[in-house]
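All chains are identified by letter, namely A, B, C, D and E, in their written order; residue positions are counted from 1 within each chain.
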Amino acid sequence: MNLFAAISTEPALWSPEWLPRLPQRLVEMLLGFLGAPEWLVSIAGFLVAAGTVVGVFLGGFALLSLIERKTLARIQNRIGPNRAGWFGILQPVADGIKMLTKEDIVPAKAEKFLHLLAPILIVVPAILALGVIPYGREWTPVSLELGLLFFFAVGSLTELSVFIAGWASGSKFPMLGAMRAISQMVSYELPLIISALGVVMVSGTLSLPLIVEQQGGFHLGFIPAWNLFTPWGFFAGILFFICSIAEANRCPFDLPEGESEIVAGHMTEYSGFKYALFFMGEYLGLFAISALGITLFLGGWQAPLPGLGFLPSWIWFFGKLAIVIFMFLWIRGTYPRVRIDQLMRFAWLCMIPMALLTLPAAGIWTILNRDGHGFLAWAITVPLLLIPCVIVTVIFNRRLASANRTYRFAE
Amino acid sequence: MSVDIGAALQGIHAALPAAKVAMRTNPGPSNQHSLLVGNESLVDVLRFLRDHLDFDLLSNVSGVDWPDPAKADAVAVFGEGEETAREHGFLEVVYHLYSTSRRVGPLVLRARSADRGENACVPSVVSVFRSAEFQEREIFDLYGVIFTGHPDLRRILMWDEFVDHPMRKDYVAPDDYEYEPTPHDDVLVKAKRHYPAES
Amino acid sequence: MAIDPQLAADLKSQGVHVTSFEQLINWGRSSSLWPLQFGLACCAIEMIAATMAKYDMARFGAEVFRPSPRQADLMIVAGTVTKKMAPQVVRLYNQMAEPKYVIAMGACAISGGPFKDGYNVLKGIDRFIPVDVVIPGCPPRPEALLEGLMTLRDKIAKEKLMGKHRVRHADPNGAASFPVPEYGAHDLEPAVNRDIWNPPAITREGGEA
Amino acid sequence: MKTGKPTRWVLPGLGLFQGLAVTGKNMVQSFYKKERMTTVQYPEERAPISPNFRNFPFLVYDKDPKAGLRCTACSICEKECPPQCIYIVLDRDENGKSLKRPKVFDIDLSVCMNCGICSEVCPFDSIYMDGEYELSTDDRFGGLLFGLDRLSKSAEYHMKLRPEQASEVMARRKADEEKKAAAAAAKLAKAKADAEAKKAEAEAKAAEGKGEDA
Amino acid sequence: MISDSSMPYSAPTLAPGADDDQLLHVSLGPQHPSTHGVFRMNVVLDGETVVSLKPVFGYLHRNHEKIAEGVTYLSSMPYTDRLDYICPLSNNWAYAHAVEKLAGIEVPERAEYMRVILAELTRLINHTAFMGFILGDMGAWGSALMYAFRERELILDLFEDLTGARMMANFMRFGGCRNDLPAGWAEKCSVLVDDYGPFLDEMEKFLVGNEILLARCQDVGQLPKETLINGGITGPMLRAAGVNYDIRKAEPYGIYERFSFRIPLGDKGDCYDRIMIRFLEMRESLKILRQALDQLPEGEYVNPKAKIRGFKPPVGEAYARIEGPKGELGFHLISDGTVNPYRYRVRPPSFINLTLLEDMCLGLDLADVVIILGSIDIVLGEVDR
């Protein structure tokens, strides 16, 4: 099993660092105590570890569905759900009960099997993807050597399931939504992966825990050595963030379900629990892509300032996750949606070239830094990356100038 | 600014001598007199007004139902002239024209169908003014005026299977006045029909 | 299934919350009424106003306006239902998944209201689909809509899901969809659904207007 | 897209950041600024509603709900009501003589359009618009047909609801009543005077007669 | 000058039978999130490009005209509220204006000022709500709409105080208004007018510079101005294309001559111009409001000679129009001397502004159709009546 990286050290059971893995350890110890064979112990361990992640993120999903409503409400000067339980904390429970007890309608024209398969397919990859993320120093549920590859491989399944959902519904609006989803996927997977490639080049590994480990330490004693704080990483991080919005189908790139145009897109014909699964899959996907972004660019579970290492590392991870997710919500509360052709043009003419440019920058950065030419690395990569910025700014401003309107006034 | 209707009439007569156009005085205080245009020259007159007198905005097209010519006489939109001696009712279409450049209006034009039955025809002016497109469809739908030459004369407000023309004065609405706690007049009559035991 | 209310109250006073399965489901349903994003006329503006900052229907968990009927629980018929629109409304209702509730908001949706004499106006949406709560007003204030929503919540909280007197949607024999009227030559065919529309006969003393 | 010469240079995405700033400001301020958190938590708190707010009509009575009803069943409101949602039956005694009060006064709230024309045309200060709006019900037939019992409300209620209007009406009615009373008193006085004059005349006549007799 | 050939009646649609199965026939509405009510469009899509678009009306046809011909003149007043239900007071004014023209009724000065104030407040409401709705059409999650309605509530509080209803005012009467301003109303209104400028600044910051909005709205849905005039388009849509035609200036009604204000004119007439013109119009409205509130005279609020009951205008006809927030709102009345109008016709701006919808949308995306429809700013109560 050389696929699994061997980075685990023997645990100290009482350490808060180990808290999330406590159930797994307990089960393993129990089975070991009972004299179960080793393969059974490790399989049970994996299952429990996966169960922990699923449990945490299902709880997170419930919480996020409430927090999203509350945050949007605050942005809009309202209060938001506050009647079900204290501060509306039971609102997700109520939603869940309602969804569970709601009738499941399968349209007559639908492909029955695929109609059922799609919502399952959207949740499973998201959970699988969540399994390879290092949440804490000692907490990587499934530590794969090729974790990043695995993530992208299962991550692209979501779009497939969106397409299945649209096609299986046998109706027009879902079909339009599905077509939009596919074209969006093709356009945004590319810059997403390319912008992540820089990290791979610098770290020299596809293992997510190792990528995080390499981002430890601080420059000048207080700037964290995260990939975000390098010239190429800053760029790649921003590109990654934009692409992840598109990957997670969030506003302003929520075209597959653009409700003002195509009703609810691929979800139009889903009701009851299947719809809840879509909902869940979307949020889990959001968690997964944000978690990956944190891992790649924001130093994963690394503390943001020196001297804060006494807190368990997974707290930092989830803190960062909260901030990133809040950005998603904030953006959702602010922007209108873009049009499909603009989305594509943006991806192919802006995102992909910029992402490609981060690769040589990352390469130069690595080589020069390895040879100890830190200053030179800055001096070369920064201009290299600024050139496209200047070009974009010039093009943008010229277009903006033509977009500027003057209005006459008649007395 | 109100329009100089006499000048418009003279202009039409000068340019289109064959056109049958007559003035109708409005008895009310609004001072909006109108021109009654013969159906055969309606489109030409409107085109002339648009192209040469700058009446470029056809603001409004109304349909009016006159089932009783005597009533029309009484209301006196019938003026002097040949049309007073009608025997049966007719449908009328009223056009309100404005000029956006000269800022005058409204110039009121009227056209009349021969009767309210099969010959309820008025030429369509869509070829001159696009703004008449939906309004003519509406008048067709609600009054049954057949606009000859309209490119897409279908019902617009009611559904396609509907056969009546509900804005006509003699239209009888379907009777579904079943639960009417506060009925009056014809509603009372209809409601009573549903409670025969009580009447 | 049922819990002795006295016992429940006693336990509650000691910090033990007892609830039956039925109550839990009803609580879930009543606390998470997602309306169909669907406005007909003037009342729709007040419905929008009720979801806006000043009234904030979201407090009751009812701000998630779903554009697709499949995911909606509540149909707020906000505005005049015309005869041309009625088949669509019934179709939308049929497309909604059970349990589904209907609020008739405003005079027009209840009875045709001020426009009831119109030839194209349906005299009340309850001629074709069952209405749970009616809110009079033309248009009702947003507060009135919230109050109607609470009336509906109370109604849902009292729903019986089992036994002889269970509600329509819990009854396997209960109708989930209703016949969609068709456009006729003069009126809708049929003009009313006799299965659900049974107005009381009005007897008047005097009878004069 | 054609391009032009920029007059001032901006960073791409500046407009987007401005948008974020506006929403962010609104979110932060919603925690401490009154005008950024306008929600009134309805069932517990209520936004102040103008005394002029009108919803559905009600009938005013003075003192006694039955005898004090100001309505005379004149049917003006019934005729003027645009959606025709008022139904009045005049009460008559056994001889068929009008008692000038309604026997039936129904308003169908499921039709009423809150226009207020009934209260505008009423010459007897009898019908006014109520501010009550919490009327939702699941009983569409019984719950929305308001008869006299639910429509009649006291003059004090009116006073509480719309102090300005009610006090003006009260003052006018009082003046009218005083006028009427004065007129009645005058009439009475006149009648008395007449009677006295007659009496005096009669007495004089009698005296005359007596005198004649004598 | 427009020649006939430059205006094909029906925009190019697909040839019948030609690769029809490649095309997607979609019916948007009548229940659709962005049709602003119960409007329906039968759209034929090639991919996502519109090749044909036929509007279907009538889902809110509630027989306003027929009902009005059966009731008295006054009884139609509350029904006019329900035409364009976002701005009832403009409708009130248009109808009162038409009846006053029909019957030759004078309006006292104070009432004219009150009408101007109410109409301009209504314009503010309409245009503010428009900003929110069009952002919603573009897919924003309602923040703009919430801010718009936050301010709308403040204006509605004023309306409620004055007219007794939040929306359905039923306030204007033939020859004036129903009641006088309550004590302190003008001061409250004055405060609101002062506070509205900062709100508009905020909205402008929120929307106008937004690159997504620029990309979505610019060069979408423009038509030459001759076509627009010929199609009967009025209101902000026409002015966005650069036609200087505002009835407040072109044919001043009421007392608009007394105020100094300007008419903003656009150039291209695309959706972006339509949004901006409405922004600028709101600022001009604020100017009018400020002047009107400062000059508000004392006096009668209704012509004492005007009758409420038994009103019978003389025989005749009249067509009168005002510049409603959505365009030219006209009423055509024919009186036969009885208490009921013989013919009562509304010239609805929203309805006629839809005439050129198909021409604007052809060749664009489905997503653009939604924005174009939003930028026309229709209200179904008025479209179908």
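What we mean here is this: contacts are C-beta pairs under 8 Å (C-beta built on N, C-alpha and C of every residue); 3 or more make two chains touch, one makes a residue touch a chain.
As the structure is a computational prediction, the values presented were derived from the model and not from experiment.
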> So which chains are sitting against chain A and chain C at once?
Replying inline: D, E
>> Per-chain Cα mean versus the mean over all protein Cα atoms: which chain has them closest together?
In response: E
> Considering A-D alongside B-E, which chain pair is linked by more C-beta pairs in contact?
Replying inline: B-E
>> Centroid of chain C to centroid of chain D, CA atoms only: how many Å?
In response: 31
> Roughly how far is chain B from chain C, going centre to centre by Cα mean, in whole Å?
Replying inline: 42
> In chain C, what residues contact two or more other chains?
Replying inline: 37, 52-54, 56, 59, 67, 84, 111, 114-115, 117-120, 138, 141, 199-200, 204, 209
> Where does chain B touch two or more other chains at once, residue-wise?
Replying inline: 157-159, 166, 179, 181, 183-185, 187
>> For chain E, give me the residues that contact two or more of the other chains.
In response: 32-33, 58, 61, 63, 66, 78-79, 143, 146-147, 150, 153, 168, 210, 212-214, 384
> Which chains touch, pair by pair?
Replying inline: A-C, A-D, A-E, B-C, B-D, B-E, C-D, C-E, D-E
>> Per the contact definition, I'd like the list of chain E residues that touch chain D in the complex.
In response: 71-72, 74-79, 143, 147, 150, 153, 157, 160-165, 168, 170, 178, 182, 202, 205-214, 219, 308-309
>> Under the definition above, what is the set of chain D residues touching chain B in their complex?
In response: 78, 84-87, 106-108, 111, 141, 145
> For chain B, which residues count as touching chain C in their complex?
Replying inline: 157-164, 166, 171, 173-174, 176-181, 183-185, 187-188, 195, 197-198
>> So in the complex, the part of chain E that touches chain B is made up of which residues?
In response: 1-2, 4, 7, 9-10, 57-58, 61, 63, 65-66, 101-104, 227, 229-234, 243, 245, 250-251, 313-321, 328, 330, 332, 334-337, 342-343, 345, 347, 351-352, 354-356, 384
> Can you name the residues of chain E that touch chain A in the complex?
Replying inline: 24-26, 32-34, 45, 48, 135-143, 146-147, 150, 210, 212-216, 218, 242, 244, 246, 249, 262-268, 272-273, 276-277, 280, 365-368, 370
